[in-house]
Each structure stands twice: as structure tokens, then as C-alpha cells.
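Going in written order, the chains are labelled A, B, C and D, and every chain counts its residues from 1.
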Amino acid sequence: MAVAVDPALQNRARLLVKCPDKPGIVSLLSTFLHSHNANIIDSSQFSSDPTNGTFFIRIEFNCDNLVMKRDDMEQQFAELAAAHEMSYSFHYKAVRQRVAIYVSKETHALMELLWEWQNGDLDMEIAVVISNSDVARPMVEALGIPYYYIPANKDIREQVEAQQIRLMKEYRVDLLILARYMQILTPNFVSHFEHRIINIHHSFLPAFIGANPYKRAFERGVKLIGATSHYVTNDLDEGPIIEQDVERVDHRNDVQELKKIGQKIERRVLARAVKWHLENRVIVEGNKTIVFH
Amino acid sequence: MAVAVDPALQNRARLLVKCPDKPGIVSLLSTFLHSHNANIIDSSQFSSDPTNGTFFIRIEFNCDNLVMKRDDMEQQFAELAAAHEMSYSFHYKAVRQRVAIYVSKETHALMELLWEWQNGDLDMEIAVVISNSDVARPMVEALGIPYYYIPANKDIREQVEAQQIRLMKEYRVDLLILARYMQILTPNFVSHFEHRIINIHHSFLPAFIGANPYKRAFERGVKLIGATSHYVTNDLDEGPIIEQDVERVDHRNDVQELKKIGQKIERRVLARAVKWHLENRVIVEGNKTIVFH
Amino acid sequence: MAVAVDPALQNRARLLVKCPDKPGIVSLLSTFLHSHNANIIDSSQFSSDPTNGTFFIRIEFNCDNLVMKRDDMEQQFAELAAAHEMSYSFHYKAVRQRVAIYVSKETHALMELLWEWQNGDLDMEIAVVISNSDVARPMVEALGIPYYYIPANKDIREQVEAQQIRLMKEYRVDLLILARYMQILTPNFVSHFEHRIINIHHSFLPAFIGANPYKRAFERGVKLIGATSHYVTNDLDEGPIIEQDVERVDHRNDVQELKKIGQKIERRVLARAVKWHLENRVIVEGNKTIVFH
Amino acid sequence: MAVAVDPALQNRARLLVKCPDKPGIVSLLSTFLHSHNANIIDSSQFSSDPTNGTFFIRIEFNCDNLVMKRDDMEQQFAELAAAHEMSYSFHYKAVRQRVAIYVSKETHALMELLWEWQNGDLDMEIAVVISNSDVARPMVEALGIPYYYIPANKDIREQVEAQQIRLMKEYRVDLLILARYMQILTPNFVSHFEHRIINIHHSFLPAFIGANPYKRAFERGVKLIGATSHYVTNDLDEGPIIEQDVERVDHRNDVQELKKIGQKIERRVLARAVKWHLENRVIVEGNKTIVFH
């Protein structure tokens, strides 16, 4: 599939670096980039502790003829990184991430992603949509996106996941988005996509971990309900949180209404988390995230 | 202590009623009030289920010469209530609730209450302040409010609570506000003041029940922190929730900063809950509240 | 077009009343409804001033066999209303309002309405969509809704509006929603649909009345941008406000980004305003609204 | 007055730079700081336009023995700045800004500032409080802060301002905070303190510029009210906005209630704006602000 990109963006890239904190790192990195005639457009940094902590930085830069120069640049950076114990990654705006969206019967989160994508807010290729239901097929195929209906339940989990993993490879998927995909994933599946599966949970975690959060929110009588987008790990609803939001409810709202109000929160929380991931704004550290806005 | 009240408010009252839902209740109540020349100023109702549910109503009314008429009115209402299985209460705006505020070393929640009270936002008499520290004494006594410093810890809990219960009686206290009073209360103490103790918990319950919520919020990496005001029951942090609110935080905020941000949330959440309680807007039903705004 | 309605809702109605405030009105109305065996499900009232003010009430009720009884009920109510200077209206949940949506090239507000409508959140018939562009045709016709592309500009305003008025009659439209319809309406057009045209303005009114609000918000350097849904009157952007909301922005957001952020606000503000109108929660009084939540 | 500062903070400083954007600036600055053994703790930047725009950066750094080294550092930086057309400023955390708070009869904004200051949230010296009323004297003098009661009205404006300017000099005031000081300032006064006077306006600017914003908000029937903190310029309520916030209101709120709700917004908006100014997070550019969070 050909990727149309604004030619001006061919020269835009982002560099993420993590290393032990010590004086001089910003100088080192900015001097390196300047030596390649790159102009730093945006830069955000965080240190877990200025003395003996870990240093994180996200640098967005422009560089003329980047396509021609990037291999050299990366090669030279590898040496600098080795000398300073840096782990790092380069991301090129011209290379859009390829995304698979997983969905079940409820399509509100999927629809929001499709809408934001069509509106130019989510800089990604939607490579494929996977579902254990056929409801979303028309709206997905209408946009020219392949749709796979793969019935799933806990008895056939292994073979279903095997098929899904094959599809992820076939479609060269970078990021998996669980847009209300109501199936448990096995550790094996998760291990294939570390920090590359984003889920939307329909509660303000860590409140109401697990099933039926709206019902339990109703029973507890909370005055705000929420949604949480997080990376998927092997601990259910315990992965690193990317974004959360809430909305006010009251005693008049029954479970059904909480669900409807919650869907609106889920839509925007997931869309934000995906957007930030695609813009390489999210760094996972331990079980937490650093999100550079 | 003499209570100065705007004479126009001598005629203002609120009637709360709870009864089995059935057609005709609003008619019954409004006709009763009209027959006493009362004018309904505001009315809010809720039914847990229109068929066979429980019906709740809060009526605010004006009635000329209320002081002279209220005994008669209450007496007649008792008959009507008995005939329709109503539990009910009359509240007169001229009779301010008498409040005891409990506080420990952190005074932010107390200060907010004092400020709102001086500003006319909290319609109450502050009868007494109880503390297991002496820090708040100057600001409290400067306002002419009695202050009792009662050191407390779990070894002397029983005798401390006995003294506190005596003081609540001596000062004829209607409502106890725990404005960050960091002591566990015994079931015996709580049983003396059912649905009359309001606490502020420094988390968005049911997340982070118990001790050190800001530390645990930091460790979990949540993106919003909150506070919850609730009635105290014998189950720690499990009582009926009156009000909650949250504020956005990020990876840069350490525990100390979460605490400072949280204090601002605690201040406004507790002040709102107290205000609504004083205006008889809060009805406890099971372990939940109905709050009529 | 046949209207499928949950049979249980055939018996649900709303009564809106406005009259001079005086004691006994609630009693009068509730006794009237009870005499017709109607059960009051919800009731909200407001008085502009308890002495000599105007009284407003919205009563939602259930009544067995409402379809058969409603003519009698309305006839009898007319007498009571006349005796007490009441203006009033009955609204039956089984009779869905018929809506026309007007849109231009930007379809985000239309899409949100279509989504909420499909999701069951907006209790209306979408009778027709009118546009001065053809972009939205596919998504509208895919849902079986008639779509009229009527090119419009100020030179042909009169004949365009004449055609639109004919269509509104032909489709028996109750409510017109301007979902970012970028044309000025004449006083003649507006006069046909008093308090029945809802617009979404892309600013937090009264800030940035008129054209290019996002550009002007950018130039002024505001830290929040907003959207406002209001009834259309002859004074541009001056009609009674139904709902407003805002979102945080900062110095990094250019006009294009403000527009994208603003679209999300516009979507939810318009959807809420329409929902409340359809539920007969909005009463216009002078140039303001009373919204009963 | 002796200033007690955590010794660890003696080594903390901030550098603000503004210059024409071009590649290599971050490298230049970070290399300069590194050459002085300074460790960059936080860094935020903004470019009005990557090609031919203006570049802004705020760098927070630690440097051992800063007190001894700062003169040398500043001297050397002057050369670098001259070579690259930089305007800049160094700010040392050990040197607290000296603040004058101006207040009238309403003390809510003053009280919030005093509270946040006592709580350690506002890193400033309160040098003096100036008021055209005597109400706030007790609470101010109780904290050991000088209080000047200077009656003011438009007839004696010139002599009042002359006295105030003398006091600002006498107390070596860096920042003036108008915490609801209800007097117009002359261009002469303002010119003495460019971008050093912070005001809180009781509306969501640019809505309701000028007098009586709550009354006008009530009359317009807005659904949210707000407050705006901005630097004072000669154009009334038109200066660069630092922070804004809003809160929801409805038809039941009269002007008096809007005012009370508004006071809570004013308190937090002013406190945030002052905090950010004190932390050197706010840069004025034209009639807008860049706020580095």
C-alpha cells in the first residue's frame, strides 16, 4: 500500500533516548543533531531523580534530505549511545505505524478511531480490523480496510490467537488497539507485542478492575465514572496507564445510562492514548508511563 | 448562643419524605402544604423504580408565621405519614445545624470550611473543634470557637472517644465533620452518630482504600487523582459517597506534589458535601446517597 | 414512515407549564394528574421569584391507556390552564420529534448526531438532511435518510430559503438542527421556526461572536476554547444559550489545531443540547433558557 | 528580612532565552551550561515557526557552588547572547521574588494567596499588602506582613499612585498582584511595572470585559462562568492572558450565587498564574503568553 505523505514531513523525525542521568546529555544529543544539520523543533525531558536517576528525552527535529541521511545518522548515533549506556529509537514521520484494531460487538470506540483517522488526527495506517463479531464489517469495509471475523471464546483461545499472530505478521502490524475487544489474551500472545497493545478499560483504574465495572460503579454509588487506556501486560487491567478521564454521574443514572455515558469517555480516552502513542510521546518505565505533551 | 437569622428565613423549611412509590404522593404532599398556606419553592424527587420502588422527595417551602404554625403542621403530618408508610423529617432554616469539626495536623480542609463559613456559604454553627494536635488552635480560637486538644492513639481510643461523645452532647452537636482527622473510629462511636459523620478521604474511592493513597496513586501511575467525601460507617472508606472530584497529574509529580494537588481537591469536595448535607440535599439509601441538586 | 416504540413508552408523557407563581400550583397540577390515574415519574420546577415571579414546571408521568385518554385529559386541562393563566404543552414519548439536520462541508457535528441517534441516545426521527454541499450525501443516504443538496449563497438566499421552508413542511419537521451550516438565515426563515432551530457556534459565547472564532481565539491567546449551542434568533449568535463547554489549549496550538480540538467540543455540546430539547427539558424565557436536568 | 532557603536550592537556577530560531541553539545553550558543570533538570522550548520564527526556551538547571560562579557565568553568557541576538534572563531559586498584593474589600483571592504561601506552594516574599479598605488588615498583620490602607478613588488617583510607586520602591517589589483590587490604574503606573502586574478578572475574557461581569453573565444566560488572570497593560482587561478556568452554572443561580461560585474560580486561577510567574514559566510575546508547564 502506497503511503502518501506531505513532502515537508519527509524530513521530520523523533528521537527517544533513555539513559543514566548525568550532566551533559542534552549538550551531547543536541550537538550530535546539530552536526547533522538537524533543527530541534520540540524537546521534552524527564529525570526520575537528578542524582543517580534515569534520564528520558524526546526530541522532535527537522533535517533536510533526511531520507538520504538517516542511515548514516543512525549508524553514528549507535556509537554515541553505546558510550553512554543509552537505549534509544528513531521514528520517522514519513513511516506511518501500521495498526490493527480489535473490536467486539460494541463499535463506539472503533467508530471514534475511524472518525479521528479520517479527520487526519491519527497518523497511522489501519492495516486490518479483527473482530469476534461481524457487526462492524460494513463500516470497516466501506473504508477499504480488511476485516477478519474470527469467532473467539476461551475453549479455542490458542488457535484463535495463533491465527491472529499470523495476521499481525502478514499485515506487518506495529500496534494493536483493543477497542473494546472483550476477550482475555494469553501471556503468549501478549509477549509477541510488548508495549504495543493498547486497551481501553471501562473504569477509572484501579477502581473496578475486571468484569462489569459499570454495574459495580452503580452498586458502589460513585459520583464520577471513568475510563482508562493502558498497555496490556499479563496482569489483567494492571498495565502501564497512558490516559484516564471521568465524567459526573448521579443517583438517577442506572447501569444502562452509566454505560452510555461511559462510552463517550472511552471514545475520547482511547483516541488520545492512541494519538500520543503514534506521536511517540509515551515511554514505558516499569509499570508506569511518561507521557510528553 | 443566640442565632441571628434573616427574618425572611424564619418562614423557610424543608420536608424530606421517603415512602413506597405509588400514584398520588406528590398530590398528597403538595395539597397538605397548600392547606397550610405553604408555597413550594423547590421540589426534587426520585423513584428507585416507578413500579414497586421507593419514592424520595425533598420539598423546600415558605410559610408565613411558620414559627407559630410548625407544631400543628408537624402533628397533622404525622397522621398522613402513618397512613402512607412515610418516613420523613422537617428542617427549619432558622434552626442552624450545630457542627463539630475534627482535625489532625493538616489544616487545609479545616481552613476551607472556616473560610466558606465566614463567607456565608455554609449555613451552620461551628460548635466546637476537636483535634489530636494543637496546631489549629490559634486560627480556631481567633474566630471565638472552642478548641479541644485531645491527644489520641489506638491504645487510649476508648477513653478518648468517651470524652468526645460527652463533648458532642455538651455542645449539642448535630453533625461531625472529619476534616482530615487521622484516627480510626470504633463502631461504638460511629453508632452514636449514624449518617451524621462526614469524612474526606484522600483518594477517588473505591481506588486506594486505606492508608497512604497518594503514595499508592504515585506507584500505580494514575493520570488523575481524587478525593471522596462520604458518611462514615463501620467499614473503612466504604460508607455512602456524597461527592467526589479529581484533578489531572502527570509523571513529573512526586508523592509530595500529589499530596499538594490532592489537598486542593479535598478542600472543595469536603466543602461541597458539607454544604449539601446542611441544605438537607443528601438522603442515604442503603450504602448510596441521593443528592438533590 | 412507521414509528416503532417500546409499548411501555406509549403511556409516558411530559407536561410543561408556565404561569404566574402563587401557592398551590404544584398541588393543583399533581391532583389533576392523579385524578387521571397518572403517576408522576419526575418533576422539576423553577420560580423566577417566589413572590410575583413566573413559575415553570416540567412533569414526566406514566398513565395507563394514555393513547385513549389523552384527548380527554388535554381538554380538561385546557379549562384548568385558562383559570390560572397557564401556558402549557403536552408531549408524548410515543410521538417522536421529526428533525431536519442542516450541514455544510464539515461533517463532524452531523456524524456525532448520526452516531448518537443510531446508539439510541437521541429520541428523534431524522426526516431529512439539507446541505449546501454534497460531501455528506453517502453517509446520510446509507442510513436511508433523504438528502437534499441545495447550493446556497447570499445572492440566492430568498429562493433557497423558500425551497427549504417547503421541504420543512413536506417532511413535517418539528426541529431544525444547524450542525455547522455556514449560512446566515433571514428573519423571515427564522420566524417560521421560533425556538425550533438549534445552532452550534464554535466559540464560548459571548466571546468571539461572528466569523472565524478560532482564529480570533488564537490571536487573543485564550487558554480555553469552547462551543455554544443556542436557539437561533434574528440577532446573530445572540439567541438563548442551551449548553456550553470548553477545553484547555496552550501556546503551541495553532489555528488548525484549535479547530480540531474545537470540533470535539462542538460535537458533544450540540449532541447534549439536542438531547435535552428532544426530552422537553429546555424552556425559553426571554433570551435565556431554563434547562431541567 | 533574612531569607531562609533550603541549601540544596542555592544551586538551582532558571535561564530564559528568546532569539531568532535557527539550528544549533539548543546545542549552544546546553553546551554552555555543561561547560560550567551545570546539570539541566528541565527544559521546555517553543518556536513560533521553525523557519524564520522566534525561539523561546526555559532551562532549569543545578550547578554546584552556583553562588560563587553565577557572576562569571552571566558575564560569559552575555557574549554568547550578543552573538546570537538573544534576549535572556537568569533567575536564582535562592532569590525569592518580592511581592506586593493589592486588595479591596473582597478578601477571597488574598486569603487563597496567603494560604498557598503558608503551605509552601508559592515561592515568594510577601513584602507588603496595599488596600483601599481596612478589612484585610487583621489577617495580614497576623502574619507579620506590613499593611497599608490607602483610600483611593478617581479624583485622587494621581497622588495615590505616587504613594504606591514610592512604596513599591521602598519595599523593593518585583511583582504586583491585584487580588481583586477594584481601581483603574493609569498608564503612568502601569509603565513602571511592565509585565510585572498580575490581575484576576472575574470573567472568562474576552467575554464580559469591564464592570459587573457576573451581572452580565446572568443576563446573557451563559452556562459556564469563568475567571482570567492576565498581565495588566493600558488596555482594560486586554493584557496577555496567563490562565483561565470555568465552572458550570445554571438557571437557578442568581447574580449573588454566580459571584460566590466565581470567587472559587478566581481563587484558583490567580493562585496558578502567580505560581507559574514565580517559577519563571511565563513568557510574554506580543499580547500573548507562552506558559511552560
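In this text, a contact is a pair of C-beta atoms (placed from the backbone, for glycine too) under 8 Å apart; a residue touches a chain by one contact, two chains touch by 3 or more.
Computed from a predicted structure; not experimentally measured.
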item	value
Relative to chain D, chain with the most remote C-alpha centre	C
Pair with more cross-chain C-beta pairs in contact, given C-D and A-C	C-D
Distance from the mean Cα position of chain D to that of chain C, given in whole angstrom	43
Centroid spacing, where centroids are CA-atom means, of chain A and chain C in whole angstrom	37
Multi-chain contact sites of chain C, meaning residues that touch two or more partners	none
Parts of chain D lying in touch with chain B, wherever the complex brings them together	108, 111, 115, 119, 121, 142, 260, 263-264, 268
Partner chain A, residues of chain D touching it in the complex	21-27, 30-31, 33-34, 37-45, 47, 50, 62, 293
Touch list for chain C against partner chain D, complex	46, 204-208, 220-224, 226, 240-246, 250-252, 287-291, 293
